[in-house]
Amino acid sequence: MKLIIAIVKPFKLDDIREALTSLGVEGLTVSEVKGYGRQKGHTEIYRGAEYAVHFLPKIKVEIGVDDSLVDRVIETLCTVAKTGQIGDGKIFVVPIEQAVRIRTGETDAAAL
Amino acid sequence: MTAFQTGADVFFVLMGAILVFAMHGGFAFLEVGTVQHKNQVNALVKIIVDFAVSTICYFFIGYTVAYGVTFLSNAAILTGQVSAGGAPFAGSGYDLVKFFFLATFAAAIPAIISGGIAERARFWPQVAATVIIVALVYPVFEGMVWGERLGYQAWMTDVFGVPFHDFAGSVVVHTMGGWLALGAVLILGARQGRYNASGRVVGIPPSSIPWLALGTWILCIGWFGFNVMSAQSLSGVSGLVAINSLMAMVGGIIAALITGRNDPGFVHNGALAGLVAICAGSDIVHPIGALVIGAVAGCLFVMMFQIMQNRWKIDDVLGVWPLHGLAGAWGGVAAGLFGLQALGGLGGVSLGAQITGTLTGIAIAMSAGLALYSLLKATIGIRFSPEEEAQGADLTVHKIRANPEADIIGG
Amino acid sequence: MTAFQTGADVFFVLMGAILVFAMHGGFAFLEVGTVQHKNQVNALVKIIVDFAVSTICYFFIGYTVAYGVTFLSNAAILTGQVSAGGAPFAGSGYDLVKFFFLATFAAAIPAIISGGIAERARFWPQVAATVIIVALVYPVFEGMVWGERLGYQAWMTDVFGVPFHDFAGSVVVHTMGGWLALGAVLILGARQGRYNASGRVVGIPPSSIPWLALGTWILCIGWFGFNVMSAQSLSGVSGLVAINSLMAMVGGIIAALITGRNDPGFVHNGALAGLVAICAGSDIVHPIGALVIGAVAGCLFVMMFQIMQNRWKIDDVLGVWPLHGLAGAWGGVAAGLFGLQALGGLGGVSLGAQITGTLTGIAIAMSAGLALYSLLKATIGIRFSPEEEAQGADLTVHKIRANPEADIIGG
Amino acid sequence: MTAFQTGADVFFVLMGAILVFAMHGGFAFLEVGTVQHKNQVNALVKIIVDFAVSTICYFFIGYTVAYGVTFLSNAAILTGQVSAGGAPFAGSGYDLVKFFFLATFAAAIPAIISGGIAERARFWPQVAATVIIVALVYPVFEGMVWGERLGYQAWMTDVFGVPFHDFAGSVVVHTMGGWLALGAVLILGARQGRYNASGRVVGIPPSSIPWLALGTWILCIGWFGFNVMSAQSLSGVSGLVAINSLMAMVGGIIAALITGRNDPGFVHNGALAGLVAICAGSDIVHPIGALVIGAVAGCLFVMMFQIMQNRWKIDDVLGVWPLHGLAGAWGGVAAGLFGLQALGGLGGVSLGAQITGTLTGIAIAMSAGLALYSLLKATIGIRFSPEEEAQGADLTVHKIRANPEADIIGG
Amino acid sequence: MKLIIAIVKPFKLDDIREALTSLGVEGLTVSEVKGYGRQKGHTEIYRGAEYAVHFLPKIKVEIGVDDSLVDRVIETLCTVAKTGQIGDGKIFVVPIEQAVRIRTGETDAAAL
Amino acid sequence: MKLIIAIVKPFKLDDIREALTSLGVEGLTVSEVKGYGRQKGHTEIYRGAEYAVHFLPKIKVEIGVDDSLVDRVIETLCTVAKTGQIGDGKIFVVPIEQAVRIRTGETDAAAL
């Protein structure tokens, strides 16, 4: 099992959720994060004092998947989350050693 | 009249002016709560600037167009201390406070439009539209109905036996504002993503119900000044106007609650719809008539807002056309019905005159709205670029968002 | 009286009505800020709907119960243009604006109760309670004290030499509202999780201090209309009422600041406690007496709210029983003390009458509250299911939460 | 005068008092929106407590210092029902409502200062400063200008032929408040992290533009009471004051919009700057003069706020020195210019007197501010420890933050 | 060492914190996230326009623990966070290669 | 590649971003989290009812880095994020098995 962590542009979330669902992904967890990278922030100004907004709003999607699905999930994410503009984000794949569904105690693939 | 009595009239009209001025804050917060977070600052700046621009245009041009009065004499003349022959001003500066009162009405027109075109209209072109509307379009119709201009009311009286009756502006202000806004909204087009590929409406959720409720409360409170102080003198004041405004408001609330199935947006807008509708006949209808007028206005808003949004796919953000345009027109007509003595009213009103007057207002507003915004669109452009719209008016126009501290992480 | 003079009285009472109407917005935002986020929309809708329902019930039934006046004549009669014999109406529609003023008082009763029962009471049963309270319960006591009904004041005068004195409603409005609410709160029970297994109170933190502070400010501002305009005519107006309201309010603020150890909730409620307490005697006590009355009310609120919450485990969300019920009763009694000439007051008041009148109010309100809410509980049910309560009134009743845009991630 | 007429004056001044009392809510929300989230509760408590403390000090000491009147007689004397020889009180409690009106002016001084010293000043020392300022400093100057004290106006009239003219307090209230605040801000020093190692200003972003805009709207609305009701009687009321307040406000908005490049802070402050500046001459200048006065005030604010913040590195959080101190002084002087008949004004004013009066106000305020805050600093201390400041005034002083529910995760 | 990532129902957080503490866990980090899975969201409606709220509020708890504690932590989470209703959440266990306490520079087990 | 997860005090974020950037880190993702550990929360009180705020605001910084940079990033974090006061936070290093840049499809080191 892998934990696929994707940092994406916020307005892509709905498409991602739909695409992954039709791939057979049954759950995912998202959070609002701020990203720093090649895409730069902007400067706001209030009554003559500036302040830099270095970080941009991004969405982090975390998906626990069985090894068999990993490639297809990555592929799908690359297609759906891509605008071709700077700031589209990253995917990181991290190993999961155990997974448990709290409600039933099921483990591993059955837990996802 | 003694200085005391004119003073009391000044005080009376002043309180009306303050109350209607406060309503502009209401317009601002109603829009703040209804738009998305990224457009809240722009809503605030638009309304306060529209008010300022309107006041100046109305002072130098509009008021003269409507009533033939100019303020280019010295202060002693303006306050009636010294008479200048031709256009005598009353004592205690009564005419000046009356200007204040009527200026807050005039400025309501761009405030109404602002709510319809929110979230995608450019800032300065809208300021330009405000100039033209408040200096010319509105005062022409205002002058026809309230200022004895163009022989309009004389003609009405010839035809119908009585003039067109619009006590506090269901038609002169609200219908006018609502139909001008409809023109603007049509020319401007819907917000990005408002309707999806298959043409279905996509809910763009409001940022904050408490802020829009605050706006509504301020509008409701100020509205009693809008209506009652339209008497413009203490000898003319009538408690009937007050109770009718109250009854129409609560009628609108209950009707919108039920037809709108507890929706907080509808409930609060229902109050406003009732108040819009009662302006015209508030001085002549019976309180129970007012209750009915308000209830019908509340239903009308709930029904027509949904039809407009979901079926006709017109993207009027705050719903100003059904709110001011339709409820206002209903109010203009209803005054001719519920004002009749047969229905417990005070009479002196004609249904024919009311329908004609209302249609005149709609015709002027709709054609002026379409013409003006088409012209602006063709010349300076009226709409944000897609990127600007996506980024939001706050960053685009004001370089700051509504909660700057929260934009900075780790601050 | 000339049209000018009645007109001025209409204007005076109108401003009072507008100010007290505004207070209902204050009730709404006080509740919005004090409840949890998931119940903010419901707070807003409850207050505006209660106001509407109250107005209608009071117009058709309550006002007749209290004062024997009905509005089922035509507008010409209602405005005093035509006399209809029996019940003559004053000119300029004075009686109509007086109705508006008193309707805003009547509607305060459900607004007070709303704050006590927040976060777990069902919507429509509470509307039903409002109907009964505003059409019957409140007007009966109002009529006894202010409307010469049931020979109550005549009996008081017989026994104590003077009638029961409640100038602006410490007892008629606030005590009544507070003790009705206590009945409702007791029957309804505490919010889920309010007291843990070992019976200790669990803090349910308010959503927003700024919103509750805004509610307080609006209430304080409107309160000057509540008190001063209770004179109901310009010949009867007294600057003493204004300064006493001011002094009681600031007394409440300072006392609550100190006894409440800088707690923002207490400080703002302290202002309100002072204002509740001064209503009854604001026209007869000395400003320094008012300061003391307000300070005692502020302390009383801080102390009793905590005892009620922590020791008695009564879950009165906004604290409306100590605020309106207790500070109101204290105000009713205090008028009989500080109103005495010996204490710098204007006299004409009896401590015995004040205590008796206050206890009458408490008895009626408490028994009506318990009876009414028991009945509603036994019949239609008054409380959300645990799931509905956990989900929040906003989604349950209104299908929308207070900040819809924020509910949508990635929007 | 009849009871009706005095009653009408009581009503008039009462409405002024209510409007200016409401402005204190405006001060509170302007500060809530401008400070960081961690200091919002403190802003609210500071303003309401300052108001309460000010009222008490002004009642027992300040008003006597300014006008020689005390309220230590019984209520019958205070309301003019019984004459007590020496200091006769008018009927209907007129003097009591006048006290209310003027107390709301006095309390504006600490409210102004509060905005300058926000986010790092300790709570109780500031309460102490309020006591001294409202009991002594302000009333001395107030008495000199408005209360015939110390022969100041007699001397002015000797020298300039006319007294120093400050109709509604550009100098007596605003200049005084603004320059007292400057003293306090200088003694207190900048907030931590406001200027970085290299001395450059670091933007400390405001928490909420909607809240500060709400504060501004409330202030603007109340300001019409501040100005027009300064006439203090219906025979003296002037519509000129109303229209001039309007014109100065809109002048300030437009000027700040343009020079401030659409910045929402500047636009809203611009309205206030215009209103500050027009107080002094609102009863004598021409509306077009008022427009110019307001526009200059708006520019002045935008320019000087930035210079103060970025170049002089003075950390005046809300900008109360440029807003009240500078726009007020400009207003004091401008009345001597635009009030001249040559410029369409009503005359009766001298530029020399205006400059002298304004400088007197500045001198008293600046020296009192520096002295008082130096003394407090040297004795009880006026500033939070760095940890307290970092943690925020809300937790430090009030043990609660502005959105308690949101502080609890998983609640 | 492992990083135990648990997605749970928000109102369970306090119980979880207490249970873990009594187990000897000395620290944890939580964040507000939104979850999508078998438990479905709801539809809100405003003035006649609907919008779907697909994601539900969840809490993510991240706990760095020594290998010896892993099983007991999982067990405890399964007990305490369980309501038996759909949507109780998941536990994922991910390997930690290094851990450092910033204040002291201590590493690995000592850092937790 | 490693995913370096650092929990730090919020006001340190800007220094961290700058220090890491000058080290050659080209991107990072941050989120607002709440931490529980040796540093204790506080009690708030409202109208006589207390409630414990157990969790303190922290910032979580997530940085995907090439193996070669790991040590220097940790070192830098330890220096810059350290105040020496309790509550400075932790660093966890987790293995990344794959990384992808969504915009270009680049993988692994090139994706960072």
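Order as written gives the chain letters A, B, C, D, E and F; numbering starts at 1 within each chain.
Criterion: contacts are C-beta pairs under 8 Å (C-beta built on N, C-alpha and C of every residue); 3 or more make two chains touch, one makes a residue touch a chain.
Quick caveat: nothing in here was measured; it's all calculated off a predicted structure.
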{"item": "Other chains in touch with both chain A and chain D", "value": "B, C, E, F"}
{"item": "Common touching chains of chain C and chain B", "value": "A, D, E, F"}
{"item": "Contact-graph separation of chain C and chain E, given in steps at minimum", "value": "1"}
{"item": "Separation of chain E from chain F, taking each centre as the mean of its C-alpha atoms, in whole Å", "value": "17"}
{"item": "Cα-centroid distance, chain A relative to chain B, in whole angstrom", "value": "46"}
{"item": "Where chain A and chain C are represented by their mean Cα positions, the distance between them in whole Å", "value": "52"}
{"item": "Numbers and ranges of chain B residues touching at least 2 other chains", "value": "8, 15, 205-206, 214, 263, 265, 399-401, 404, 407-409, 411"}
{"item": "Multi-partner residues of chain F (at least 2 other chains)", "value": "14, 30-32, 34, 44-46, 51, 55, 94-95"}
{"item": "Contact graph of the chains (line, ring, star, complete, other)", "value": "complete"}
{"item": "Of chain E, residues touching chain D in the complex", "value": "10-14, 30, 32, 59"}
{"item": "Chain F-facing residues of chain D, complex", "value": "395, 399-401, 404, 407-409"}
{"item": "Contact set on chain C toward chain A in their complex", "value": "409-411"}
{"item": "Contact set on chain D toward chain B in their complex", "value": "5, 8, 12, 15, 19, 36-37, 205-210, 213-214, 217-218, 220-221, 224-225, 228, 233-243, 246-247, 249-251, 253-254, 257, 261-265, 267-268, 271, 284-288, 291, 341, 344-346"}
{"item": "Complex contacts: residues of chain F adjacent to chain C", "value": "44-51"}
